[in-house]
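The next part holds the structures, each set out as structure tokens.
Common to both upcoming complexes is chain A, partnered first by chain B, then by chain C.
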Partner chain A sequence: MTTQFHLQQPGGIRRDLKILVRYFKLNLMSAIEFKMGIVTLFTNVILNLFVWLIYWSVILDTNGGTFGSWGPSELIVWYFFTEFTIGIFGLFTGFATIYYYVIETGMESLLSKPIHPLLDIFGREMYFVSIFRSIFSIVILIAGILIFNIKLSIYDLFLGGILSVCAIIIFNCLYVIFQTFSFWIGNVEFLVETLVDVEMNFIRLPQQFIPTTILFSVFVVIPVGLFATIPTLLIFNSALFSSLTKIGEFGFMMLIVMFSILVLFVTRSFFAFGLQRYEGVGE
Partner chain B sequence: MGVSQLNFSIKRGEKVGLLGPNGASKSTFVKLLTGIIKPTEGEILLFGVDPFENRKLCANNYGVVFGNRNMLWKHVPVIESFKLAADIYNIDYDTLQERLDLFDSILGISELLHVAPRKLSFGQRMKCQISYSLLHLPQIIILDEATIGLDVMVRHKVIELLNHLVAEEDLTLIITSHLIEDVDRLADRLIILMEGEVNYDGDKAEFMSKYSQSRQIKASFLTEIPIEIRQQDIFKQARFETNIIEIECEPNKVPILIRELSGHDELEDITISEPSLEVILRQVFQENGQQ
Partner chain C sequence: MSTVRLYVRQVKISLQNLWVYRWDFFGDFIRFPITIAMHLLIFIFLFSDTSIITGYTRTEGITYILIVSMISRSLSQRGIANMMELKILRGELTNDLALPVNLSLFNFSRRVGYPIYLTVISIVIFTLSALFFPATIILASLPRAILTVAFALTAMLIQMQIYYIVGILTFWLKSVGFITRIISHLQELLGGRYFPLSWLPVWIFQFSIFLPFIQMYYIPVTIYLSKETISLWFLGFQMLAWLVGLQLFLGWLEKKGLERFDGEGG
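Coming up: the complex of A and B.
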């Protein structure tokens, strides 16, 4: 048969990037089609900011302007990293639906295309409106810099940004690993919800509520700490950071980057392993 | 239900109908062939390679349409999904336009391209879905219950498109459907599956002549059917309506029956036909204990 067919090779990384851009465009168009989704998100973000401001104003007022070692500057940067990363993280919500493809709707329409199914799930199920949350967090950071005269260098933001990206990679890899278990055990919805609840509760805790070493260990093991608290620590308390890690802030960042890449490969292989057990879903 | 004892090959340019009762593993076979699932035993090759291990390469060269599975983006105009498909299959926009013109000339999709799929009827959506899946003019077209739920007109158009593509582009076609009529109009070769095993594999015409052991005679009368016809032994197995008689008989009995019927002045019309593929398959399935 081979000699009679002239096979077209599937595209490589350049084509995948082109597809990725197309997915963003399609998701933006879908988001614009339902403008109420954008309005609802903005309302949610502004109300959350309002509550957050009241909450921390009261705490800072009753503690003489600081809480632990954190003042308004640290809190604003912490808020920025949290919201910015959660906003970006929202783009990856598709990975929470893998189990649904496996046991309910079927992966047939994903697997019959010459692209990686995870890329397709990411593109199709993106919560695109979430990106406005990140944009809003940048506005708040700029406002904070102007009001509180926060000293932030490009290098600080670079280090923090890299850690946030790593956090997103590690966190999503955990998601995919949990979801891949659906090839063996079926419905993993509650398993994943538990993971989200635990991690999202951690993400909202500033360092003062937990002894630093425990917090540090837990936040690196459970990567949500990399979303916001670790980057904030790294920017405002690099001495503490260096004494804890012994390898310096840049070394720590490189370690996390390498760990993220490792996790990415392990996840990809584990998903491919799970895919071998896929049995299909009848119409 | 799993497949077992499947051993056949399909050559380039063949038009194969894969038939079988519910649970015969037709869809499982399609999923194995397209690399969606991995066989637990045995070997399956598509384009000479393992489709599961080379899924992307194979998927780039086949086009599969699953009935009731939507690949279009629900909330954006259909044309945007086609642009995505063009990116996936590395189709430049001039070629995309040419292909859309081709699909439009047969299926009439041009007016649907600027509407979001959620606003389209099922038939309109399937026209777009089928065009989407065939946009890259795959070397092998695989249809798994693709025409199910479509009305007669849309099915007719889809079959016209498929016949056109297979003839003009020298493509290979594999179709599974409960709508035997569609298989009949598209396939030259039949593979009949029963409980995961091949029951028949060969030319459709040979299958028809092998299993077509009866003829159907239908006669209509200007008045009620004469009583002497009803009383004749030769018409004992016939089905009677007021002025219509239907008889299923062996081919050698046809001349006698025609002679008997044509002796009556009230006879208006008479037709003799071979049973359809659907009727034959029903007999084959029943003989094999299938419902």
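Coming up: the complex of A and C.
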């Protein structure tokens, strides 16, 4: 026998938060229990930094000490934004697995809970130790500021940070939208992997050397530059930034924030629409 | 069923799996350019103001990064470590042990299909790129191209052996994820994934000569570009020596590890 599901009305915000805090505690306890996970993450982060340092020192050496007008200071700040964002992004790994729940009829277990299914997936699949990656990136930024005497204001970091957070929201929404198609076409692994490829290949390399006009056009379609490249541009080249966007850096930030909120609502509605097609198994 | 047929069957199954997930099959045509785009753009940018960097002309440099990106995308075998880790932890190795096969070769044969398919895509995309952009990409002679593919595929076997060894370390360790990552980073840096090894500081280049990672990307591409500094025979011998040496070590380690294995049974 099959049953059609409709999205339940989510519980109050307080109840959702309570459940999420429980998941958070559970993830923290698992991270402490499974120490190998922390060792793995730190090994990865340290090696990333080592390879990154060698990579960019070679690139700068072969290119007269700069890379498309960026020197060590810009690259350090860009590295900070990249790693910080990847660290936060790690908390949302669950959003890359939604289609499993759909094609393997695992949605029932989520729908029977008094919390929105997307929040439930976020909570239960959270890769908690990833947050250490963000903490490590702050340490590297402080070291970079001391070594290269980088001049950064709290306001700059705030603006850049907000843009990175918006990038995380937009990309996670894209993950959810892509996977909502699984209610119609089943396995959407191909779409998810393509998005992962875009994210991973573009986020790890700065895109500022691409001509700015092309750069901004591309970012409208694929907002991957919001993760790290645009925040860094905003800090070190705000004049160019303002002349390109015409609305100033604060205006640009507000625009992106509003766009992220809009994407969030569209995603939620689209997921609810897709869920109406879900056919679970029952007795 | 003879042992050889068992291996062949595994290869066939891995190829058939490609057709089961057809979207994945076609998706690779989209994902391939994405994977190589950024590294390629960086190289094009680096050569925009200069025509030669540490012995590499613009066309050589761009050809280098294009081939290396393709090899890296097509022949990656990192997944073997994870596969073996899960099999050992879940006791699923029992199924393989019941068969009259060599354990490592049997597991390797399961992972051949997808790389073969991706290699074909690589060759098609590369040939088309070279034909459409003859001033940017070097099209080598046919014997050189065949030799490059042969070296790259042999390097894939070495990669399989290395990650298999990492995987069977699960007999002693609870998790081998961090070792896989260390090996993966070393492979990319010391194998020449990011740029020709001659661009790296001399001490790193000299260090890389004594490790198997140099076989992964650097050697096949230098053969393609006719930039090898020692004879092809020696390079071939060196690669075979790594292959045989790693297989012997792997066999020994596997035997020791199996003594510690607790399988599933009833």
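As a convention for this text, the second predicted complex is superposed on the first by the 265 of 283 C-alpha atoms of A that agree within 3 Å, B and C clash if a C-alpha of one lies under 4 Å from a C-alpha of the other, contacts with A are read in each partner's own complex, and residues count from 1 in each chain.
By definition in this document, a contact is a pair of C-beta atoms (placed from the backbone, for glycine too) under 8 Å apart; a residue touches a chain by one contact, two chains touch by 3 or more.
Treat the numbers as computed from the prediction; the structure is a model and nothing was measured.
Trainee: Tell me which partner A:Met36 touches in the superposition: chain B (first), chain C (second), both or neither.
Mentor: Second partner only.
Trainee: A:Gly68 contacts which: chain B (first), chain C (second), both, neither?
Mentor: A:Gly68 sits against chain C, while chain B stays out of touch.
Trainee: After the superposition on A, what does A:Ile59 contact: first (chain B), second (chain C), both or neither?
Mentor: After superposing on A, A:Ile59 lies in contact with chain C but is clear of chain B.
Trainee: Across the two complexes, find the residues of chain A that touch chain B and also touch chain C.
Mentor: none
Trainee: Considering only the defined contacts, which chain A positions touch chain B in the complex?
Mentor: Contacts found on chain A: 1-2, 4-11, 15, 18-19, 22-23, 25-26, 29-30, 33-34, 106-109, 111-116, 124, 276, 278-280, 282-283.
Trainee: Which bits of chain B are touching chain A when the two form their complex?
Mentor: Where chain B meets chain A, its residues are 9, 11-12, 27-28, 31, 34-38, 45-49, 52, 55-57, 59-62, 64, 66-71, 73, 75-76, 80-81, 83-84, 87-90, 116, 136, 139, 145.
Trainee: Which residues of chain C touch chain A once you look at their complex with the stated criterion?
Mentor: Spelled out, the residues of chain C in touch with chain A are 21, 23-24, 26-27, 30-31, 34-35, 37-39, 41-42, 45-46, 49, 53-54, 174-175, 177-178, 181-182, 185, 188-189, 194-195, 199-201, 204.
Trainee: Could you pull out which chain A residues touch chain C in their complex?
Mentor: 36-37, 39-40, 43-44, 47-48, 50-51, 54-55, 58-59, 62-63, 67-68, 187-191, 193-194, 197-198, 201-202, 204-205, 207, 209-210
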